[in-house]
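Think of it as A, B, C, D, E and F in the order they're written, each chain with its own count starting at 1.
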C-alpha cells in the first residue's frame, strides 16, 4: 500500500480489507549476511504474496527485539514494551481505516512474544483478531514440506536455511565469509550442562562465537528458491481463504 | 524462607545464596481441578527441592498471565507488563539482600514470556543471571524421562500429565468430573484449517469446550509420583550444581 | 475460592457475589516472627471469616509495599504503582466474573495507601465500590473492644498485639528471641525532636534497632485468641450485612 | 524564591540551602470559601515562616489530589501518579541547584499519600531526605496547643478550623453562606453502620450534603489568628533547627 | 474562578462555559527579572482579559518545561510527559464540570509542544477542542501590531520585549542589572557555523552567557504598556467571539 | 549500514563514528503522491549524502506522528510517547556500538517535536549530542538558496516543493491527479478568523479539502533536482565538518 495514493487505498477498501504488515529487525547476521536481513526477508516474502493475491502491503517495521544481539556491532534493539506499542498502533491505525484482516509477516523469532502481546491487546481493545505468521518455513508452519532440503543439524540464525533464502531473494550475502557455527570459548560447566534445560537471559555471544548458528556454508540459492516458493504458495493460499471469510 | 525470621535469613546468607521463587497462576482448570493448581504445583515442587537441597523458598506468586482463560469463571489475570514488574521487583529485592542465584520455578506456561522478559531486564539492570525452569516435566527440560508414563495424544492443561501430578502432590482433584477434551462447537473452517499454522490471540474457549486439554480421565497418582520424583531429583541436582558455582 | 473448581465457582456466583481478597507482605518481623506474617495473618483471618459466613476467599497476595524495611534482610517490596496495578487487576478480574462485593482484608499497614488508590481507580473504571478492612484490631475498626488486653505503651510491628495474634493463629514465633523495642543509636537531635511532627521517608532501622516496635515479650496466645475472636466475629457480621445488600 | 533573580538565588545558595515548597489544591470548599483555599493557605503560611526565618519559598503547586471532590463543581484533580511526579520533579530540580533541605508545606490532606510516595522516591533516587508538614494545626503536629480554640465536634473540610484560619489569612470567605455540616440524604443502612470501620473510595457528596464538614458558622478571625500564630511560630522553630543541621 | 465559591461557579456555568487557563514556568530570566516571570505574565494577562470579558480564570500552572535552563540556578522543570498529563488533567477536570471552551494562555515558549500534545489528546479523548495562545505578542499572533515598538535585533528571553511587558505588569525587574546578550565563550566552530541550521538539545548556557537574549537595557514601561494593551484587546475580542459560538 | 555485515560495521567504527538515521512517516499525500513519501524522501536524501561522504545510513523509520492525518485513509500514526521512545532506543543502540555522531534526517514536519524530545532525553541520559535536520529545504536550513524556484504562495504538504522533489527522486507521483489546494467547506467563522492566531488540535481535513496544501500542479522534476542538489550538497558539507570534529 505504501506506493499507492490515498484515493487508490480508498478504492481498495471499498472491495477488500486484507493487508500484510511485515516486521523484521536490524541485527548482526554472522560474518556473511547484511544486518537488515530479517526486515528484508519479511518485506520480500510479503511482496511476493501480495503479487499473487492482490492484497496490500504496509511498510516494513525495520527495528525489532534484538537485545540479546547487542554485544555484536550493528544490532539495534527496541524495548519489549515499545515494540508492542508500535505493532499495536500500526495495526490500530489500519483498523481505523477499515482494514479488518491484518496478517503480520514476522521475519525475526525474537519479535514473536512482542507480536503475540500486541495481538492480545488489539483483540481486547478492538475485537479484531490479527494473524501472525513466520516468513521462514517452520516444522508446524507454512512451507514445512520444503524443509527437507536442509541438511545442517540445527540452526536458527544466519544458518543454512536463512542464508539459502537470502540468496534466493537477492539479499547481499558474502558466501566466502560464511562459517560453520562454533561454540564460544569460556562457557562454564554449568552453562554447558544446563544450556537446554534452564532458561536464562542469554546473550547471543554466549551461544555462538561467530554470530551465526548452524552451517551457512552449505546454503544455496536453489534450496532457498524451493523454500521461498513453498512459503509463498501456502501463505498465498491462506490469504485467499482469508479474503473469502 | 517465608517461615524463617530475619536473623535466620541473615544466617543463611552468610554461607549460601540460592533461593527458589515459585510462580503460578489462578485460573480455571477444567471441570475437575482446583483453580490454584499452577501456584500450588510450583510451591509443592519448590518445597520438595528445598527439602532435598537445603535452599530457601520465597513465597509463591499466585497470580499470573491468564488473559486467555478469562471467558471461564474463576480465572484471575494480571497484565503482561504488571507481571514482568512483579517478577523483577521480587527478584531485585532478593538480590538486594545478597541472594545471587535465584531459580524461578514456573507452574504456568502462560507466564513464560513474562518471566523471560523479567530475566532480561534483571540482567541488564543488575548483571545477575536468574534461572527459569518449568515445574512440569517437558521434552527438553527436567524430568523428561518420566514422560513415558503419559498416554494421551496431546495435552497441556488439566490433562493426564497435570492431573496425575496434582494427585501425587495432594491437590484437590475431582476425578469423577474429569472429562476428555472436546473441541468447541462453532469453529469456522478458517479456524480449523489454520489453527496450528497461524498464531492469533486465541481465547481458551476457542480451543476446548470444557476448559481442559488432553485426557485427564486416565490420570493416576502413580504416574504423578513418577513424574514428580523425576523432576524433583533432576531439579535438585541442578540446585546442587548451582550451589557449587 | 482457590480450592474450588470452575463449575463450583459458577455455582456459587448464581446465588452469591461476595469474595474476600487477603493482601499481605513479606517483610522482616523483628527477631522472633516469620517474615510472611502479614500475608499469613490476612489469609488466616479470611479463612475464619469465610468459614463462618460461607463466602469465598481469593488467593492471598504475598508481596506488599515494604520499601522502608529493605535495610533488614528478607524483606521483599513492590513499587507503589505496581502494587496498585496488582490489586486493581485482581479485583477487576473478579468483577469480570460477577463478583460484585469484594472485601480486601489487609494485613500490612504499609499497603493501605496502595489499596486505597486501587479502590478509587476501580470505582472510577467500573463503578464497583470495593471494601477495605484491616485484619488486626484497631481503635476505630473491627475488634476494637478486644484491644483492652494490650498493655504495651505503643506498638505497630511485631509487637505485643501482632505477636499475640500470631501465637493464636499458629504462626511460627520464637518467643525466646522476642525483645522489647530499642531506639536506634545515632539518631540526630533533629530526628529525635521532630520524629512525630514531621514526616519523612523514614527507613525502619531509623525507628527501631531490632526491627520490631512495642513489647512482644508480654505477648500471649490467650490475648491473641481474644483479639482474633473479636475481629472474626465483627468482620463476619459485616460480611453477613453485605450479603443482604 | 520566585520573586528573586537568578543571581540572588545563587547568592542565597552560597550560605544557605533551605527552601519551602507549598502544595495545595483547587477544590470546592463548601458554600462559603474560595476554591483555592488549600493552595492559598499553604502559600500564606510559607510566606510568614519565610519572613521570620529568611528562607526561600518555591511557587505553590495549585493542583492536588481531589478526585473525591469531583462531584462538586469547580474541583480540579490530578491523577495520583502525575502528582507524585510533579512533587518529585520540582524537588529534584531544587536539589539539582543545591537546595539540600526542602520542606513541603501541605495545605490539603488529600495530597498526603502522594507527597509521601514522592518523599520515598526522592530519597531512593538522590539520598536527600525531604520534610513534609501540614500547614493546619493537628493533634500531633505543629500548633497543636492552639487547637483548644476549636469547639466543633468534628471537622476536616471548610470547617470551623479551616474557616477561622481563612479569615485570619485574608482569604475570601462568605460567612453568611456558611452552614453547619448536614449528612447526605439517601445513605444506605450499610453505609451508615460501617462508615468509620470500612474504607471505600468514598465521594465527598456521600459524606456531606453541603460540601463542608464540621461547623464553620462558629469560625472567627480571632481563633484563626491564634492558630496561625502557633503554627508559624513552631514551624519557624523547626526551620531554624534545620538551618543549623 | 479560584477566588469564587462552588455555588458561584455553578451559577456561572448555567449561563457561560468559557475559562482561561494560564500556564507559565519557573526559570531563570537573566540577571534582572524574577524567575516566576512566565507564570506571572500568563496570570496577569489572563486577569486583564477576564476583567474585560467577564470570563473565569483557573489557577496558573507555575511549573513548565525548562530543562534547557537547568544549568542556571533557580530553574525548575517538569518532564515533558508529566507536563502533558498536568495540562490534560486540569482541562479534563474543567470539561467534567461543564466548561466547554478552554483557552490556555501560555507564557513560556518551551511549553508549546507539551500544550499542543495535550490539546491533541484532549480532543481525541473527549471531542473538546481546546484553544492555545501566547500571552506575548508574536508576528502571527495577537498584538502583532504593537511589535513595532521593539528595536532589538533579535530576542526571545528576558529581552527588550519581555522586560518591557514585565515593567508594565508590575513584575519585579532590576533594570540596573539588565545586560545586553553576550554569546557564550568556548563555542566550537561547528556550533557557531550550524547553530541555526541544525537542531540539537541545546542548553541555554550554550546560547547566552548571561541567561537572557536580546537587549533588555532598552526596555521601558511605555513599550510594555502598548504591547499589553494590544494583546489584551485582541485576546478579549477572541474571547467575546468564543462566547457567541 | 543496513546492507553491511557485522564485520564491515566493526571495520567502519575503527576509523569513523558518523551515522545518518532517516525518519519519515506513512501518511496520505493528497491525490497524487504515494503515502510513503516522507520516509522515501528521508531515505533517498540520506543515501545521496552517504554516497558523497562515505558515512553509514541506518534503516529508515517508516512510521511517524501523523495523528492529524487520520481522517484521510492510509495514514498510520504512532503515539507521541512511543515515537520518542523509538528514536531514543535506536540512537542509544547506535551509541552503544560506538557511533558518537548521529544525524537524524527528518522527512516529516509532524515528527519534529518528538525528535526534539528524544534529542533532549538522549543528551541527558548519555551525554551524546544528536543532530536533527530537515531533508526538505527550509528558509533557515540547508538548501535555502534553492527555494527561489518555488512559485506557490504557501505550501507544506504534497505541494509544489514536495512534489518537485518527489519527481526528482523517482517517487511515484500521479501528476494528472494533482490539484491546487482548496479550503474545506463548512469551516465556522471563528475557525476562519482565528486559524492562524490560535492553535488547536486541528485535523488536516479542517485545513485542506483534498489532503494537500499549496499548488502541486506547477511542480517539475527540474525544480526538484535543483533543490535536491542544494540540500545534498550543504548536508554533505555539514557531515564532512562533523567528521573532522
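Convention: a residue touches a chain if its C-beta (ideal position, glycine included) is under 8 Å from a C-beta of that chain, and two chains touch if they have at least 3 such contacts.
Fair warning: this is a prediction, and the values are worked out from it, not measured in the lab.
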Quiz item: If you take the chains that touch subunit A and keep only those that also touch subunit E, what is left?
Solution: F
Quiz item: In terms of C-beta pairs in contact, which of B-C and A-B ranks higher?
Solution: B-C
Self-check item: Where subunit C and subunit D are represented by their mean Cα positions, the distance between them in whole Å
Solution: 29
Exercise. Using mean C-alpha positions as chain centres, tell me how far subunit B is from subunit D in Å, no decimals.
Key: 49
Practice problem: Give me the residues of subunit A that touch two or more other chains. | Solution: none
Quiz item: How would one label the connectivity among the chains shown: line, ring, star, complete, or other?
Solution: ring
Quiz item: Can you list every chain round the ring, opening with subunit A and moving on to subunit F?
Solution: A, F, E, D, C, B
Quiz item: Tell me, which parts of subunit A touch subunit B in their complex?
Solution: 67-68, 80-81, 113, 115-117, 119-120, 122-124, 129-133, 140-142, 188, 190, 193-194, 196-201, 234, 238, 241-242, 245
Quiz item: What part of subunit B is in contact with subunit C in the complex they form?
Solution: 1-7, 9-10, 13, 26, 28-36, 39, 58-63, 70, 72-79, 82, 85-86, 89-90, 93-94, 96-98, 172, 174, 177, 211
